[in-house]
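What follows is subunit A paired twice: with subunit B in the first complex and subunit C in the second.
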Partner chain A sequence: MSDIIQKVKNLSIGFKSKKGEEILILKNISTNIKKGETVGIVGESGSGKSTLALAMMGYVKHGLYTIGGECEFNSSNLLNMKSKDLEKIRGRKIAMIPQNAGQALTPNLKIGYQIDEALQLHSDLNEKEREKKISELLNKVRLPSPETIALRYPHELSGGQQQRVAVAMALAGTPDLLLLDEPTTGLDVTTQAHVLELLNFIAKDTGTSMVYVSHDLGAIAQVSDRIIVMYSGEIVLEGPSRDILKRPIHPYTHGLLKSIPKLSLAGLPESMPGSQPQPGIIQGGCSFFDRCNFSEEKCKNKSPHLEFLKELNTSVRCFNYEKLLKESQINQNVNKIKNNSKDKEILNLSDVSISYAKQKLLDQIFNRISDDNPTVKDININIKKGETIALVGESGSGKSTILKSIAGLLRTKDGLIRFEESRNLSSELKERDPNDLRIIQLIFQNPDESLNPNHTVEEIIAQPLKLYFGLKGEELKKNIIDLLQKVRLGEFYISRYPRQLSGGEKQRVAVARAFAAKPDIILCDEVTSALDVSVQAAVLNLLQQLKEDFGTTYIFVSHDLAVVRAISDRVAVLYQGRLCEVGPSNDVYKFPSHPYTEVLLGAVLEPDPDIKPKLVAEDIVEEKPPEKGCSFQGRCSRIVGDICKKEIPPWQLTDSGNAIRCHIPIKELQKEQI
Partner chain B sequence: MKLDNIYQEEKKSNFAKVSEIIITMASRPSGFIGLSILVFHVILAFISPYIAPYDFKAINPTLMLQAPSAEYWFGTDDLGRDVFTRTILGGRTALTITFFGSLIALLWGGLLGIFCGLVGGKTDDIVMRIVDAFLSIPWILAMLLIVSLLGTSTEVLIPALGFFYGKGIVRVARAATHDVIAKDFIVSARARGHSNFSIIWNEIIPNVRDAILVEGAMRWSWMLLGFSSLSFLGFGVSPPTPDWGLMISNARGLMSFAYWSVIAPIVGLSSLIIGINLTADAFAKALGIDRSTKAPV
Partner chain C sequence: MLFLIIKRILLGLITLFIVSLITFVGTEILPGDACTTYLERQAFGEQLEACYRRLGLNVPAYERYVSWAVNAIQGDFGYSLSGEMPIKEVLGPRIKNSLVLASAAIFIGIPIALILGIVTALWRDKLPDVAISTVTIFAMTIPEFISATLLILIIAIWLEWLPGIVIVPTDVSFLELLPNIILPVIAIAMIMTAHMARMVRSSVIQVMASEYVQMAILKGVPYWKMVFKHVLPNALLPAINVVALTIAWLLGGVVVTEVVFNYPGLGRLVIESISNRDLPTVQALAIILASIYVSINLLADLMTLMLNPRLKTLQIRK
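On to the complex of A and B.
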């Protein structure tokens, strides 16, 4: 067939371990990319999806090598081509858009120059034509005023704009195939939605084939015609996007879709047990066997083949797909979270503001902070014992900053942080006594960074136990094992190093360390965003379970609104370090009343091709909060008038106890939603 | 890519870790050569008093400036002393003094660097400016001043060399600490309320140890060169103790007609320096800190 532009045939890529064994990263992959088609490759980290995408442009990472098979592009095998011939194809015929455009652009060259460079390499245009083409390209990726953007340096653009420039550069060679490696992963929710919409438009407009690699089923659902699901180096399911998302017939995909939290459903989704096996461990049998709900005896020893089902136009690697075929729809069961909050107040922030501004000498001498327009301002939140309150907002909204101040890591400019109605917590770490520090513990986003790589699990969990309770010897060890069991890790983990654990296991160790201090409040800073989708639900369930057992209060920071929906009792929406809306999560999610909440919720990507994101506001990035008036004035689509620019909006209460800070009367705000 | 790391490994004893590092070092040609030279010199330093064929200070005017022969392998010097004996003994003082000097440099430089990196702020500013000021003083002038005031005894030389070669380690240790300090496990330890001492000892040192050790090994070879320069100038070891620097200095005037008396100590000194350098490089590579990608500060 001539409409196939890339043909992957029985491709296996692997590496040699220290012991000399051959370990496969990709196992016998065969697939075709058709002209004008967008194919999404989904999988967890380590599933081989990026390796496959790179092989499609004839690149094999250092340390890996091709064991067998071909990647055919225009009927020539890229994998044994000379680098001179590959140069002619890369950029011109196949272009790549990297994950982090900020790092992919050269920091000391102007945007226009960098695109010009790509044009010089990949087209035969002369200087004048190239100049015109640069504006054209920048226009195409919808960057405002291309002429001025071309004269800027990469650091002068926001993350979303940088990603657009990367798209423009990839389009410079008018490629037939565009490879996108997690192109929206580092971006804010609203920006992500805009970039995806742009990619959709470009695919239609230019007829370029796209291979979209991502771990995020929500993003994949928005762009792809066909989806390839990878697990442990194999294709486990391949078929039309809609069928795969609506009626997945492979147990892995099925379980995955069930475990992703959705905006429309409050409560924690079911979690999938275990985690993806390390390459080389599975010798015979199905690689998903350990985690599968449908597994039988034969799955253990015999590996299923990828079977093509003609009537569904789908390939599946499972013996028991028929069982799933009968299930017409995914029934997502959620465990409704119990609201454990008591009436007793545990933490109260009143008028807290935090400034990052560099202080003048005089202020330094008098040890004071002066800043008229601090990064975080007027935060008033009352947190009850046993509740989970979530702080949400885009990057730069000050949510992590507030967490740091609560933990005492960042000095506040003004305001009070009060614990249990009576005790004021000092804003300086040094002035807090050990007990003040014990009651508040942190869990971080990335367990790779929050666990010391040179400590064993035992040493990591022992630290708070030794520090706060002075435990030693047998008692210490017993406590550590107890804690490990509470986070569902076996005793044998005690002597392991973090690098020997999977992402989910590492985060469990971090959770165990936080609980070791017997804290009253745990600050969770994006605790699930570095984890794989299938592990995320398990960690959320664990956190909820521990909370119910210990009566701990969580302050949960996340940019993922669906996760927040699943776990939180109350939500506080922040924009530019100012609160926009605070209320019970059911109400905030049901009637998004503040214009910013509306924008945020509209941009959430769901793994459902029928739910398209609503792009309400422009994805401009503001560097600084406005000096006067409402914090959201710069992006609000419902500005009333001058009042928004001059006066800070008042707090308005709805009947259900939802507090909104907007100049538009509540009734009107809610009316427009219906 | 370190794909092998993902495989399960058991907790290893320190001995197993060290021997694994040495095996990795020796598996590279340059590392093997470096290690062999270094081990050869260290063994020689231990056994040379027992294997030396002649008395190093026996002066014999009848045997002045003899060319190498079966009896006197490397010939004799201007006082009729055996050059072979003096050469194999000549590295002992230099090796001992610079080894302990490097240890001192590592200790004070490393700890001060880590401390500055951790506390930051004004303390860091002030300490680092003082270190910079010292860095701007030519070390040899300062050494000469110290030696002429306090004499050339070992008790003076070791701390003085240790001090002057530790300044550079401060910068390296501080930079390595800055890499670690931003990580969440330090933030987490701070938030728990650990003392600075506990954070340095438990969290930072295990993570910067490798970088500092490699730097210390490099400083050792520089210090060796520095110490030999001092001897060459007459401020290191006092005669008649055999020392390469001193031997080169004594024999340099006779080079045109008695080359042997100067070549042997030169080969001894440079081979030891090259050996230490190669070993330090292999050590860095075995630990995964590649010096070719990071310029030393």
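On to the complex of A and C.
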């Protein structure tokens, strides 16, 4: 079979534990990559997908070693090849596009040099030709003015630009196989869509085979012909992309797809219980047994083999795939969220501006901030008691900045933040009294960093209870256990340290800590971004449940528009620290009227090969908001004229209660949609 | 950039000012003063008055500080009490002697440390690393006065290869001096080199584990090219500051070693003047040691600034 470019045979990779046991990261993996095809490898963190991709380049990370099996490229095994020979294959025949280009580019070397290095190694071009080639490559990945980019250092480029440079570098050796390790994770939605489109173009243009590793089924759906699903170091499902996304016959994939929020569905998706077993924990039976909805008695004791089904051209590791075959489609059940908001206003932001400008000496003396063009400007939002309002936008849109100001971590330049119409919260943390602090609590993105690693769960949750309510002894303990139960953690968690918990459990502890203060408002800053998809749905459901029980108000910041769709009652769209559109989620998502909302929603990647992203505007990065006129003028594709550059657009109200800030008349904006 | 340099220099000067204040205040509040120490049991009445007048101790403390500081800036630290000669003249040869010792240790120590650090990092967990690391950890943990004494015992007394203490006057020719200072230099350099080698090792290991080095490997960059182009520039940058700190820290090691080897340097002077209650000399020494400390750190900061493209562009943008 000459059309196979990479052959993985019975590959097992692992490490030795401190006790000397062999712990497997990859368990007996076999698969083939054909010429010209794009294969997606999906899995949660810890499933071994990156290790597999690296092994395909003959690279095994320090600390790991190959236990058995081969990775064959051009009928030679990369895993026992001498480094001299590997150097000739890496970059020339097989190239890698890394996850985090910002960290994968050497900081002290210029972009041009780093691409040149690849050319020197893998081509016979002379200096002049190489120079030309560098420009060509940078052009190919659609970077503006290649000559100047080549002279820059990596840190002088934006995230999207760095990722493009990494693509250019990989293409320098005209490889036959491209390995992509989460190449778009960490990029903005719009940038992500653009990079994926570029990759698709390159795959078609050059006929290169690609292996695309990601946890994001949305991204995988857009690029791959075939999908490999990994769980706990094993392949559990492998087959044509469309079949796997539309009719997954493995319970894990099935559950995963069900737990991903979709743009078209309002409400919270079902969650998958439990979490992936840690490497080294050997279960007698199927590794997915305890999370499976389709399991039987035999699954517990016997582990299934990967079975190839000829008629479906699919391999599956499950005894009960036939049950799933009968389920013709994924029925995504969502729990519609109830809008509990009362008419009572709880938080009001009027004309709030926030500036990061450094105070000059004079400003310090007069205790003021002078900045004509602050990072966040003119924010007017009324938040009602019991509602969930989401702030969305790309990085740099000011959404986290606004949260910080409400929490008192950042001082406002102008404007008022009022709680329940009377209490002024425009002040900084140190000027607020304890009760003002209690009513607003924060949950952060990354529980690894927001929980003190030296405190037990008990100490973490006890802190707000002691501080705000002065609880002691038995009563304190009872309250802590109560809170743990509310976030569905058992009593025995009380003596554990954060490092003994999984990502989802840690975030639950963070949620419990926030609720311990009995707050009126909880600020959620990207609370699910660091979690695996299957855990994300569970945390979202928990937040919703708690909100209904306690009548709390959420201010929810996320870059994931599908998550926002699932949980929020109202959405505020921000660009460059200015509001573009505020309205009920249903309307904003159904009729994205503001040109920027349209861009954002168009770029969302759905785990469905039939829904392609719409790329409306270029993904340029603007460093500063424009001084005059509409904040979105730099990227808008629907500029009406000079007015957009000169005047700040007025608020226009739709019938459904949507407020849009645009110069285009509201009728026309809505007409475009229908 | 220029602004930043000026700012750093100013900060350094402020540090020195504070150090001088602390030493001055410290010597003031200690019970007794130069005259009571000098006159011992005769320290009363007419004689004490006369001594105060002679040394200028009869004016208020702040006035003395100001006049002392003004003179110190011009390099005049007043008179030492014990020798009754200008401190300037006492210090001159001592500084030179210590500099010879310290710079020899630095010029030998830094290259060795770099090589050891890089070798251990690149052969991490293999035989060269295990062997060298064992030795460096050992060398790090033995204090100078023990290693110095051991050196004297083994090399000077048992083997009789080199003199155990410095017996020649320090103004003889370098060749004559050389055999005398080999042992002190080794004693000083040992801890410093071991320390630096460990720092360089961990810094290189950290960079070797970085994503950009992994990327370079996956790009097919040959091993040694990767080491010299991608690893070392990034690994040694943070090491500059560590080296500076180690050099500054070496000053302390010099003091001990000089005493053990009876070497007439700054370090021995510190010990001598403290035991003689020669407060003006102690003050002068404190200022001089502090300025060496401050200027070495300043130099390291400026070097990092010059070499790190990230910091450079940040400054230009601002």
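Note that the second predicted complex is superposed on the first by the 671 of 674 C-alpha atoms of A that agree within 3 Å, B and C clash if a C-alpha of one lies under 4 Å from a C-alpha of the other, contacts with A are read in each partner's own complex, and residues count from 1 in each chain.
Assume a contact is a pair of C-beta atoms (placed from the backbone, for glycine too) under 8 Å apart; a residue touches a chain by one contact, two chains touch by 3 or more.
Just so we're clear, the structure is a prediction, and the values are computed from it rather than from any experiment.
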item: Three-chain arrangement built on subunit A, subunit B and subunit C clash or fit; value: clash
item: Contacts of A:Gly408 with subunit B and subunit C, given as first, second, both or neither; value: first
item: Partner chain in contact with A:Lys18 - subunit B first, subunit C second, else both or neither; value: first
item: Which superposed partner A:Ala517 touches (first subunit B, second subunit C, both, neither); value: first
item: Contact breadth on subunit A, by residue count: subunit C or subunit B; value: B
item: Partner chain(s) touched by A:His122 [first = subunit B, second = subunit C, both, neither]; value: second
item: First (subunit B), second (subunit C), both or neither touched by A:Arg432; value: first
item: First (subunit B), second (subunit C), both or neither touched by A:Glu449; value: first
item: Which of subunit B and subunit C A:Thr106 touches, first, second, both or neither; value: second
item: First, second, both or neither for A:His62, with subunit B first and subunit C second; value: both
item: Overlap of the subunit B and subunit C footprints on subunit A, listed as residue numbers; value: 61-62
item: Residues of subunit C defined as touching subunit A within the complex; value: 209-223, 229-230, 233-234, 237, 308-310, 313
item: Subunit B partner contacts - residues on subunit A that touch it in the complex; value: 15, 17-18, 23, 61-64, 278-280, 407-409, 429, 432, 434, 437-438, 440-442, 444-446, 449-456, 459, 463-464, 467-468, 495-497, 499-500, 513, 517
item: List of subunit B residues in touch with subunit A within their complex; value: 1, 3-11, 183-185, 187-194, 198, 202-203, 206-207
item: Sites on subunit A touched by subunit C in the complex; value: 54, 57, 59, 61-62, 83, 86-92, 95-96, 98-100, 103-109, 117-118, 121-122, 153, 155-156, 166, 169, 173
